[in-house]
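Notes to accompany the following structure.
First chain written, first letter: the chains are A, B, C and D, and each begins at residue 1.
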Amino acid sequence: MSAILVITGVVLCMASGLPSLATRRASAATTVLIVAGGAIGLIGAVLGLIGGTAGLSLPWHIPGGALAIRVDALSAFFAAPVFLLAGAGGLYADRYWPAARMRAGYVRAFFGLMTGALALVMCAANTILFLAAWEIVAVSSFFLIATEHELAESRSAAWIYVTASHVATLALFAIVVLLHGFTHSWAFVPLAPGSGALPAGHALLCLAFIAFGIKAGLMPFHIWLPGAHAAAPSHVSAVMSGVGIKMGVYGLVRLLSLFDAVPSAFGTTLLLAGIASSILGVAFAIAQHDLKRLLAYHSIENIGIIVTGLGIGALAQTHGQPLLAVLGYAGALLHVWNHGLFKALLFLSAGAAIHSAHTREIDRMGGLGRRMPWTAAAFLIGAVAITGLPPLNGFVSEWLLYVAGFTSITCSPHGGPSLLLILVVPALALTGALALACFVKAFGTVFLGVPRSTAAADAREVPATMRAAMAPLILGCAAIGLVPALFGPLLGRAVHAAAPRLPMAATLTALLQPIQTSALIIAGIAIAAVLSLLALTRRAATALTWDCGYAAPTARMQYTASSTARGVVGLFGWAMRPVIHGPRPFTIFPFAAAFESHVPDTVLDRALLPVLRGARWVLGFARYFQHGRMQLYLLYLGVTLVALLAWSAR
Amino acid sequence: MTAVLQLLLVVLTAPLLLGVITRTKAIVAGRSGPPLLQAYYDLGKLLRKDTVLSSTTTWVFLAGPAMAVVVPLLASLLLPLAGPRAPLAFTGDLILFVYLFALSRFFTTVAALDTGSAFEGMGVAREVTFAALAEPALFFGLLALARISGSLSLSQLLTVDGNSWHRASAALVLIIASWFIVLLAENSRVPFDDPNTHLELTMIHEVMVLDHSGPAFGLILYGSALKLFVFSALIADVALPRTGNPLADAAATLGAVLGICVVIGLVESSMARLRLVRVPQLLVAASLVAGFAVVLVLR
Amino acid sequence: MAVYLIIVPLIGALAAFLLPSDRPRPWIVAIVAMLHLALAAVVIANGEVGLASEWLRFDALGRLVLLVVSTLFCICALYCIGYLRLRAERPNRIFCTALLFFLAMTSLVALAQHLTILWVAMEATTLATAVLLYFNQNQRSLEATWKYLMIGSVGIALALLGTLFLAYGARLGIGEPTLLFRDLVKGAAHLPAPWVRTAFVFLLVGYGTKMGLAPLHTWKPDAYGEAPGVVGALLAGGMTTCAFLALLRVYRIADAAGQGVFARQLLVVFGLLSMATAAAFMVGQRDFKRLLAYSSVEHMGILVLGIGIGGAGIFAALLHTVNNALTKGVLFLAAGNIHRAFKSKRLEDVTGALRRLPISAGLFLAGFFAITGSPPFGPFVSELSVLTAAMDAHRYVVGALYLILLAVIFIGMGSTVLAVVQGEPPEDAEGRSFRESAFKTVPIIVSLALVVMMGVWIPGWILTLLHAAARLLGGS
Amino acid sequence: MPPIADSILILLLLTNFFILGTANIRSAIRGVALQGLLLGVLPFFVESQATVRLVLLVIATAAIKGAVIPGLLTKALRDVHIRHEVEPYLGFVPTLFLCAAGTALALLFADHLPLAAADRTGLFVPASLATLFSGFLGLTTRRKAISQVTGYLVLENGVYVFGLLLYQSMIVEVGVLLDLLVGIFVMGIVLNHIQREFSSLDTERLSRLRE
């Protein structure tokens, strides 16, 4: 049953763009199709998560291929948010990218294709189908990023994305083929015990780290992510960032589930990479002044948190600490859902703000909260959630990881992996605090204060459908945050599917119960307090901002986002290397001076691109080979002939 | 029962702490100083006044003061102030404890930005940056305590009995030291900040409340008093041995908290505020001290 | 029946030559092409073996190549109608005649069971294509033609010597100097090793030159760069396929004669070398037609690499032969349209093709993703199969190099292709004159549809044909 | 195998040197023509009794290789009235040395190819390889397009020499000859066009297409 529903959802999503391609007037049909597809698929996924595993297989005339899908707890767990976001994004796009706008059909078609294929990736049981769906997602995302390919920025973003993603795909080719070498089957079959120790197993894990790391945007493979998410239309960014990069996580989890135990070096690598990209991701995020780039870097941070959880799980499993492993996997998987929800919410609300203020520059917005209160509220909820604050969902998953970190120090002998796992706690603490700084800055500068540009000044609230698209996401954030115990069993099933050899994780629900209680208390009291204070000051007089007695404050006097970020950027200068233009005024009566600073992506702009340019320069020498003189060409012929004759005469 | 006792203790005695500190400073400076209960008078006056709001603000502006009061109260319910077990104790509550304060920080800073004032923006920038440095210190301390007590609930974590003092006295001293620094930073005391002046450009926390007035401002003052109480109580719990009796424990806690306030007073009167660039260094030092405690207990 | 596959095009060529006016000629070509395709379909459908003679008969390999060439030619012929209407100022008598002659000769290659017939047919295709290359009749195309003619003739001469060596070996081993494919394979065990090895080297270099394996590929960029897109398609999809068939026949003999290991070593080396060379020249390529030429070099490399891996690799290589031919058709024809519309093939002048001619540029982009092995296109399957074969044969280093080179090639090719299709078109008025008429686009779309079919649902009978051909070569 | 055949083959080798050594294109063409005649008469001394096939083959070869093709070339040369210097990239002396080295290599390589009892003493294989090699030299070291064609002819002759070992399958030979004829014909046409377009046969002009 669930399999049929899921595949129906996939087909509906994939086909949803066709009406719009046919005629502009049919865009409503597209919206209906994709929302329906999302709903049906979501039901299917939830059924798959509650009920047992279901499968569906059709023949496929490709060597090794079979149109086989299998909806087990893990697939369902990953597919559910895909369908939810597909529906929400499709609804949002209906007004955000209206049929009258340029390339509307194009955007709708590729959006449907991407979301459908994405769900297919999560459910494919045949590795070649997995590979095909994977690549379809990659290519259609490329087209979506390149929607406005007249802009050089979009072009380069799309180009970097497609290159990185193709490298990942080729690594995935190797993974699939190696798996086939292990199991002599094109399905996801558990490997023989001890495969992790074999050389081929090592190769498999290294390739997995590269392929899935690139796709997930894990540091240092994140190079494609900020540009891509900034250039794509907002609802596309929401899906790409909310669930698209989870493809990599899914692949990683799926692969880990095939091993009985991975070398602890692999777990360590995951842990350290995760920690690095969570801290650096948020640090880079603070330094951005493009709202969507900022959110993109937060995706890197959250992927870091998720991968940290997986690292805990893998390490603990290898070293026989089931409780730790369960906590790690549970935290990671729950954060997959949470990040999907609040990051999509943030991108959609940010998209609405950009839609109304006609800019992505944070420092050109401001005061939108008074003009578009709903959007502001949505962004605020997303911000509280992503910062991991109680009583919303972000807190629950991070709490699980914290508990894992603390458990490792309380109940583990001297030495061992525990020493590494301890790092999780301070890392999460730093990440959380920085994320808070970042979103205080973002929310404050975009939605509070006074408008910094005329466009922001006459911004209007977005249409109802766009707001309606955010509602389910808000509900999700609130639900997981307030009644986490309800989701304990589902999470348990997913964890069991991810690590079949672990004892079934029944402890989760009991563990989450007190969180639920306190979350409800906090929410209740906090809301009551705020409301009563509002009631108290309903008839309060209003005046100018006092500002230490300065009578005529202007928008330009507000504290900018960049200056808010300056402190943290200074602390992380060793990694970020901010670029500062503009002279510093120095005389007593300083001349008019312009000051501008930005932070390039260290890995991409300072390491990778120079290397590539060098390689290209070297390859340039090969051109002398093709010199234009036919005599030389014939000489190559002769030389080849003589050489081969010599070889043959051996 | 203990819950009520605990709440009463916190709610009623919190403002007294401010009085104790000012009185200590006055005595050291050789003045008579304001009465001990001055804070109560101020609060009463502010609550009777009415509010003026900046025309740029939204509801977010008022969420700040509300949170500033709600959060310390909730946090206090996680601490075993009276009796062996806190009202809301559970496995892993220590994380909730820290994140509650993050919650209040989020809303107070956002509220400050709501005014669009340059000063308050500056205060926000500093607040969030320094908090990021203070939080690891808190967590390192908790890690070490978790290792010592073998539990993830503040109620067991903080009731340090004699033999663990015997076992890990050095670590515990380090933790207390580093947490005391965090306390000073979080409650905007000298040497990080100066609670007496609101007009200094080098303000951190205090500058964010410039635009609040009337009851809202009163709530902020009260909230900071509560916060001071909770942090002091946290340290006091580490230091104090426990008798099983709620009343006795409550009394002991109060005594210890007041003692800590005296120490704060002495610190404030003995040193000046640090230059802003030095503040991060001190906080990192606090984190390192706590981290060293972790290393000690892992050894 | 099968003999008509050669006779019909020859008659058509004659007709086209005698016809006085230019206008109807393209139609003759198209009609003959469709007739030829129909014939081929019939021949393949009822598994006809060909003439009574031993010299000309169809085996599975021949059928496969015939199918590929005939389909591709039909597509190109239909495209020609639109193309030659566009180039109405040029006389097309010689061009059309040569086209049909080319078709006849390629069919002969597919049919030939005698190495000399094979050789003569190959030489004939060389001459025919030389004429086709010179269609534009300017200095550049003349230079390209000259280089192609000389290099090709030298190569084919070496192939002839190799053939004679085989014959001599047969005379030593079997008794009479037969060049019949069947006899050679049957008596292969008796052929003296030195002669077989030497012969294989000469034939490899000879037919390798026609295929365009590095470092024998030097004529390719010039020829493909200067020829009309349709000729490029026929060369890259048709002639190279024929040359590959010739090479396969020779490989079969060498394998049967116990020189398989030696042969496969050479093939692997040539394959990787070709891919590497192509990669080196694709990175930063400023001319998108030369880019396609190097892409053709790369895929010839993949073909021989597959054979060199052996086992499942042979099936993969044959599958890739089909995919490569069809995809090259898409790429070259679409590139031809873009070239015509912008009157240039340099990146300096060609940008924003998607804006000016959406269909052709879209097809060009699709062709790019297809040829670099993205689903749902055919090459995805075949390129993955080649990798699988390499890994299953435990040739891990080969597999790794293969993947790395594919990555480099994707980067090199992508930067140029995207620069062509994306962005704003230049502001010159001329070039807007170009219209994407049905004849100029529909054939390409058909070809792309076939490529998709090969990637989504390979018809059963094609699979069986492929398997039969692979078994013929000692593969699986 | 009678010694005459061997001596003819030696003559062939000598013509290679002559063709590579001469500074005048016209005499180079003459050399090619001479080679064609030699190849034409060679079968008489290989085959014991003369059959019709043999005669036909001899006539065809001698006619095409010895008369027609050189005629075509001379005509082409006359049409494109150019100076008759060969203008090599590589000097004559080094070329000759290379040619000698090639011949030696050919002899060496031919040793490891087993021969049928009949041809045991034959110089066929080395002669053919050596001629092939000198053909290559002609192609790679000459500047003028037309002298490259002569180089190509020498190369073809090298192939043909070996072909004579298998004169039984004469149909092959004829096919080959015709093919060659057409090839040269096309080359002649192209030469003509080149002359018209570039008003020179200097291949330096023909190196515009490059990376």
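Here, a residue touches a chain if its C-beta (ideal position, glycine included) is under 8 Å from a C-beta of that chain, and two chains touch if they have at least 3 such contacts.
Just so we're clear, the structure is a prediction, and the values are computed from it rather than from any experiment.
Among the pairs A-D and A-C, the greater number of C-beta contacts is found at A-C. Centres computed as Cα averages put chain B at a distance of 101 Å from chain D. Chain A and chain D have Cα centroids lying 70 Å from one another. The mean-CA centres of chain B and chain C are about 78 angstrom from one another, to the nearest whole unit. Separation between the centroids of chain A and chain C, computed from CA atoms only, is 43 Å.
Within chain A, the positions touching two or more other chains are listed as 623, 625-626, 630, 632, 634, 637, 645, 649.
Contacts with at least two other chains are made by residues 112, 136, 139, 148, 206-209, 211 of chain D. Listed by chain label, the pairs that touch are A-B, A-C, A-D, C-D.
Listed in rising order, the residues of chain A touching chain D in the complex are 623, 625-632, 634-635, 637-638, 645, 649. The residues of chain D lying in touch with chain C in their complex are 112-116, 128, 132, 136, 139, 145, 148, 152, 155-156, 158-159, 162-163, 165-166, 168-169, 172, 175-176, 179, 182-183, 186-187, 190, 193-194, 197-198, 206-209, 211. Of all residues in chain C, those touching chain D in their complex are 116, 120, 123-124, 127, 130-131, 134, 138-140, 142-147, 149-150, 153-154, 157-158, 160-161, 164-165, 167-168, 171-172, 176-177, 179, 192, 194-195, 198, 221-222, 225-226, 281, 290. On chain C, the positions that touch chain A within their shared complex are 146-147, 150-151, 154-155, 158, 194, 197-198, 200-202, 204-205, 209, 215-216, 218-219, 221, 262, 266, 277, 280-281, 283-284, 315, 319, 352, 354-355, 369, 372, 374-376, 380-381, 384-385, 387-388, 391-392, 399-400, 403, 406-407, 410-411, 414-415, 418, 422-424, 455-460, 463. Contact residues on chain D toward chain A in their complex (touch as defined above): 89, 109, 112, 133, 136, 139-142, 148, 203, 206-211.
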